[in-house]
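Structure below; questions to follow.
Chains here go by letter, A, B, C and D, matching the order in which they are written, and residues are numbered from 1 within each.
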Amino acid sequence: MAPTGLWLIGARGSVATTAIVGLLALRAGLVDPVGCVSARQDFAAVPLPDWDEIRIGGHDVVDTPVEKRAEQLTESGLIPHRVFATVRSGLSAVDSEVRPGYHPATHAGSQADAAARLADEITAFARRHGLARVVVLNVSSTEPVFPALAEHDTLDALEPALAEPTRTVLPPSSVAAYAALRAGCPFVDFTPSTGVRLPALAELARREGLPYAGSDGKTGQTLLRSTLAPLFTTRGLRVRSWAGTNLLGGGDGQTLADADHAGSKLASKGRGLAAMLDDADVSAPLHIDNVPDLGEQKIAWDHVSFEGFLGARMSLQLTWSGYDSSLAAPLVLDLARFTAAAHTAHHAGPLAELAFFFKDPLGTDEHRLATQFTTLRDWAGSL
Amino acid sequence: MAPTGLWLIGARGSVATTAIVGLLALRAGLVDPVGCVSARQDFAAVPLPDWDEIRIGGHDVVDTPVEKRAEQLTESGLIPHRVFATVRSGLSAVDSEVRPGYHPATHAGSQADAAARLADEITAFARRHGLARVVVLNVSSTEPVFPALAEHDTLDALEPALAEPTRTVLPPSSVAAYAALRAGCPFVDFTPSTGVRLPALAELARREGLPYAGSDGKTGQTLLRSTLAPLFTTRGLRVRSWAGTNLLGGGDGQTLADADHAGSKLASKGRGLAAMLDDADVSAPLHIDNVPDLGEQKIAWDHVSFEGFLGARMSLQLTWSGYDSSLAAPLVLDLARFTAAAHTAHHAGPLAELAFFFKDPLGTDEHRLATQFTTLRDWAGSL
Amino acid sequence: MAPTGLWLIGARGSVATTAIVGLLALRAGLVDPVGCVSARQDFAAVPLPDWDEIRIGGHDVVDTPVEKRAEQLTESGLIPHRVFATVRSGLSAVDSEVRPGYHPATHAGSQADAAARLADEITAFARRHGLARVVVLNVSSTEPVFPALAEHDTLDALEPALAEPTRTVLPPSSVAAYAALRAGCPFVDFTPSTGVRLPALAELARREGLPYAGSDGKTGQTLLRSTLAPLFTTRGLRVRSWAGTNLLGGGDGQTLADADHAGSKLASKGRGLAAMLDDADVSAPLHIDNVPDLGEQKIAWDHVSFEGFLGARMSLQLTWSGYDSSLAAPLVLDLARFTAAAHTAHHAGPLAELAFFFKDPLGTDEHRLATQFTTLRDWAGSL
Amino acid sequence: MAPTGLWLIGARGSVATTAIVGLLALRAGLVDPVGCVSARQDFAAVPLPDWDEIRIGGHDVVDTPVEKRAEQLTESGLIPHRVFATVRSGLSAVDSEVRPGYHPATHAGSQADAAARLADEITAFARRHGLARVVVLNVSSTEPVFPALAEHDTLDALEPALAEPTRTVLPPSSVAAYAALRAGCPFVDFTPSTGVRLPALAELARREGLPYAGSDGKTGQTLLRSTLAPLFTTRGLRVRSWAGTNLLGGGDGQTLADADHAGSKLASKGRGLAAMLDDADVSAPLHIDNVPDLGEQKIAWDHVSFEGFLGARMSLQLTWSGYDSSLAAPLVLDLARFTAAAHTAHHAGPLAELAFFFKDPLGTDEHRLATQFTTLRDWAGSL
């Protein structure tokens, strides 16, 4: 298979760095593909790019190189010492393919100019490495909620506005999505940011015949919830409340403790629960707290109160203790592989069949994990 | 529809009493069918007996009448005062249809004689109430593991042995199953006891064209496990250990704290976990403790240790706090309804499609709850 | 001993009603004094009023009589049916001693007038029942934080301001405290509201030679924290974060989910933790969520992350599932008894020795539960 | 102060190795004394040996040197890489002071001979390093319960039996204690093994004027229980059941999953709980499970069911996730320091004042952690 590119928006963050280190470790046979869905036996016959057929580059607004970030993750215990020692030299090669990301505060000129620069860099990357295709995937920090504008509705309204030198019509995630599509690349959003979720961008993807997927990778509390909610509904048990708390360290904790940024995250989490329980009014208070000492670890507590036969009051309590980057990174590789295969097979528009990976899946209202897996398996089998 | 009989082995126990009270309350419109799978919208078109088309009788070795047991369950908080007050008068009518159960210690004569007496009583019940069919369902206490005998292998070997006046060839649950089949009735085992799980009895069911189902109702920890295990496997995460503790009060706690009785229960729980994780060697210590003060409540704690990408160590912890009888009773009604419908539709042999209800399903190795539900829904739709 | 009065501010609320029902049940020998500190053997020799030497009256802004409230608590499972049935007739007698509480929205005239009316009603109650003394105890809903005013600093500044017909100088809890002291009665605040915690009121208590105590009864999460924090400090372990979530139903949940009311509660909880850990900067996010379906139940979750030798990362997780009124009510009776005894022994000013009962104890910075108990025991022994 | 010796029985195990690495790291100023009780401000004025006044040697039946064991603990994450790298060279110096431990299976000759050899080696160690005193401390694996013999009752009965060449009169821990006392050294037992807990050995200690302490270091579940039990008793709440499960990896898990070895551990845990709750009949099922994948980690789950006022049913649930060696190692250093100071001050017999450190304290029935701490602080202040 011709090599496939994976272009990461936020290429120097924790998730991206873990994915990069992991890819190099898989390629070197240092580790098993634990946590990689696409490596399951179910997908053995699907024409997916192999670990050594994937090339990584990306954009980032941060300067700290991938190697330095990987060193920090090693000290924090997320990456084993022996893995870091072995792949270390490969990391600077990847970092040499990282270009400055777009941020309105540091960019002079129109957003159209910015997008053109981003698209050019992706295209050049593809050319340099002789890539058949490049999947652009957003793993940058969650953005504050961006206001809806009339210009988002059609491409004809959007493009002139982008060209105005002083306007900020799109949030950075959507500039990245626009640039990706302009460069002829599929786009995947692993964050709850706006990204490709605007009518004008959907129109562009359709016009270009490009697939896209998102949004908000399902790696912790929501993963659990989408597994457990069907237990209650298929058994006819009445969920009365589902309260949750998330304790996060790292940069993520800091970003999400800011109510503005948390907004899009919490909304994305809430939508799925109500849909799965078929009860828009279930009491479901939810918090995200920044607890710096947790570092890369994430603790999620859920308390479900439910009613059984004759009104019996029962409860289920869960504590999930995980490493977000460890859970997210293999899914990033999975999404690159599945999206590349979908592109090869000429799929276009929202890849609803990838709902298994997302808190707030594009193109479908199906949130139940088991059902999502069946759909993924059947779809991948048809590629 | 012609009325359907539900004949409960252990008709005066907690589960049976809760099912009886619940049926009367449903019939009177006092409560919603919370916890009843068959009452879900998915099954609205299936030809199932209505609440007022079900008649209950049964066997029990215990003398305490159903009304007295219901009063105790009301005091313990399991049955609401207003429900008990309303259905009370109906309970003695049900109790008048309960006959002395079979127990080797109190029975003089051969097991064949005992089975004939049981079968006659079921047949008389059917005749008295003009029933189209009677589903016999075992909710009696879990038995100690019964040794395997050569006589269990064929009906030709079994029946002469049963006729010997001094031998105990079958445990009580299997005598009940044999009697049910002899009376032309489908048999369902909600306990982990031997029941119908003997080649000779399968042969009898086949010969008589009768369906049967079991075993061991899935109401707590195993219900959760069969929901959660697929999360790990479909995501490619490696479960390293899955430790569990069950705290039980009531009679169940006492019975199962006895290692002999616990044997069949623990074996039944373990088989499913290993199958679902596709790992026969996962470390999975499991305990059942008798904690009398918990009364009808059951607390189950699970600690799952799993490995993610690059060897990251993560965990999931669960605490389930439920009322076993509240969870089991609506399933007893569901099983009566689905089994009656299967019998009407001339299904015979093990009803693997009812695996959704059981820890150790007969006729299938499928333990994943979501998959089991899909199977149930599709099958019921075809009835 | 001459009978002692207990005058409850908020006499028709859950805590007060549970205390009233409980006192009647204790008097009738229906129940053991479980949860009553003063009934422990340690205090057998202390001259405390007996259960049948306590008379209850109070103020409330609510009209629902105590009997009705008790009926609701019985339905919710907090009060056993048999207890309610037995004490029912005594409840209307208590309710006949409840007078309309003070609320600025419904009161015409100066706050001085209001306080005079309240004081008169307490005095009349004492006279009617021939009481040696009356302990006034606040169990009404938590108030929003009241702004500090210069008039709060001295009695000379306060009293003229109270006499102005249109001013609201004090929150209702402080009007109640002022009225109590004016009537010559000790005052206890079981809530985090302002109450007696103003220099002018401390001055009044001193002048009148009256004892007072508070504030904010320690019944759940803080009770646990004041037990556990010393484990970490005496063992030299470093607490890195202590995150908490409270799920509350009932009226309390509604009141405290309102950020204004929660303010005083959360502040009161935070102060103690920092003091006990001797670390003002420990990361300690804390939430109170309203989860109506929990009714009278309260669930508190705590996650403590701590560091051991050589930097080892460890954690402790706790889930407390309790009934606030069941925990608070016996303490209300304890406080009435101990405060009455202190008054008899001519103690005046803040009763720091009662810190054992409070989240935010007056007159001391000691928050450690075990130390507080030793202090209480020694002090009571000296009465 | 003249240097003090610490002679570890089981010097190459996890706890000993962590203590050794920690002592070297403290001496080098690499780490803070987190988890060291004796380093608290409360004990600043007590004449304790400083970190650089302690010399370590010991006995072990295992051959793997301390350095190798430390390397394994570093790989498992218990010891930080940078600490290991710095102290590494010091570890072989310590290991050169480790002599073969006594084990009946490998020893030819009488137990008296064995004890004489052990005592000589301790004395030689003291002489080599010019030590004022040597504290002998047992951190070897928990032994199976050893049968009581008449010879254990007096020294006159014991010593002739020890001299018989073919008898095994004492378990290894008691041979070690006997040897220590014979060498004129205080003895501390950090394990639940028999050790010094025999009348004949108490007699010997008394005769020699030597202090001793034990037994079974309180580092996890029991530490928590001794903190929490007084909450319930001082508040007058009725504990109805206290169920617990321990998940252990490492060698400890393997040893304790063996019912014989677990016996002494479980008994030691149970005694304290019943004493603290003043209720010998509280239902308290307890398990220890071997879960190899947990490595050095230990997970303890406790479920406390308790009753409040008017019979309200409440619960507390706890999950402790710790590293046993990290919790134990600093206490080993503490015990060496406090016991040395007690010896210097001519204390003899059981050091009941060290109960704070033990599950099953010698010389006292006080199990409440807070009370134990007060006793320790006051006693240390008097040294």
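In the analysis below, contacts are C-beta pairs under 8 Å (C-beta built on N, C-alpha and C of every residue); 3 or more make two chains touch, one makes a residue touch a chain.
Everything quoted here is computed from the prediction, not taken from an experiment.
Following the contact convention of this document, A, C is the list of chains adjacent to both chain B and chain D. Shared residue numbers account for over half of those found at the interface formed by chain C and chain D, and the copies are therefore classed as meeting with the same residues. For this pair, chain B with chain C, the centres built from the Cα atoms lie 50 Å apart. Mean C-alpha positions place chain A and chain B at a centre distance of 44 Å.
Shared contact sites, meaning residues of chain C that touch two or more other chains, fall at 317, 319. Of all residues in chain C, only 77, 81, 317, 319 touch chain B in the complex they form. Interface residues of chain A facing chain B in the complex, by the touch rule stated above, are 18, 21-22, 25, 31, 33-37, 39-40, 78-80, 83, 223-224, 227-228, 230-231, 234-238, 307-312, 314-323, 326-327, 329-330, 356, 368-371, 373-374.
Interface of chain D with chain B (complex): residues 240-241, 243, 245, 247, 283, 285, 287, 289-294, 299, 301, 303, 305, 317, 319.
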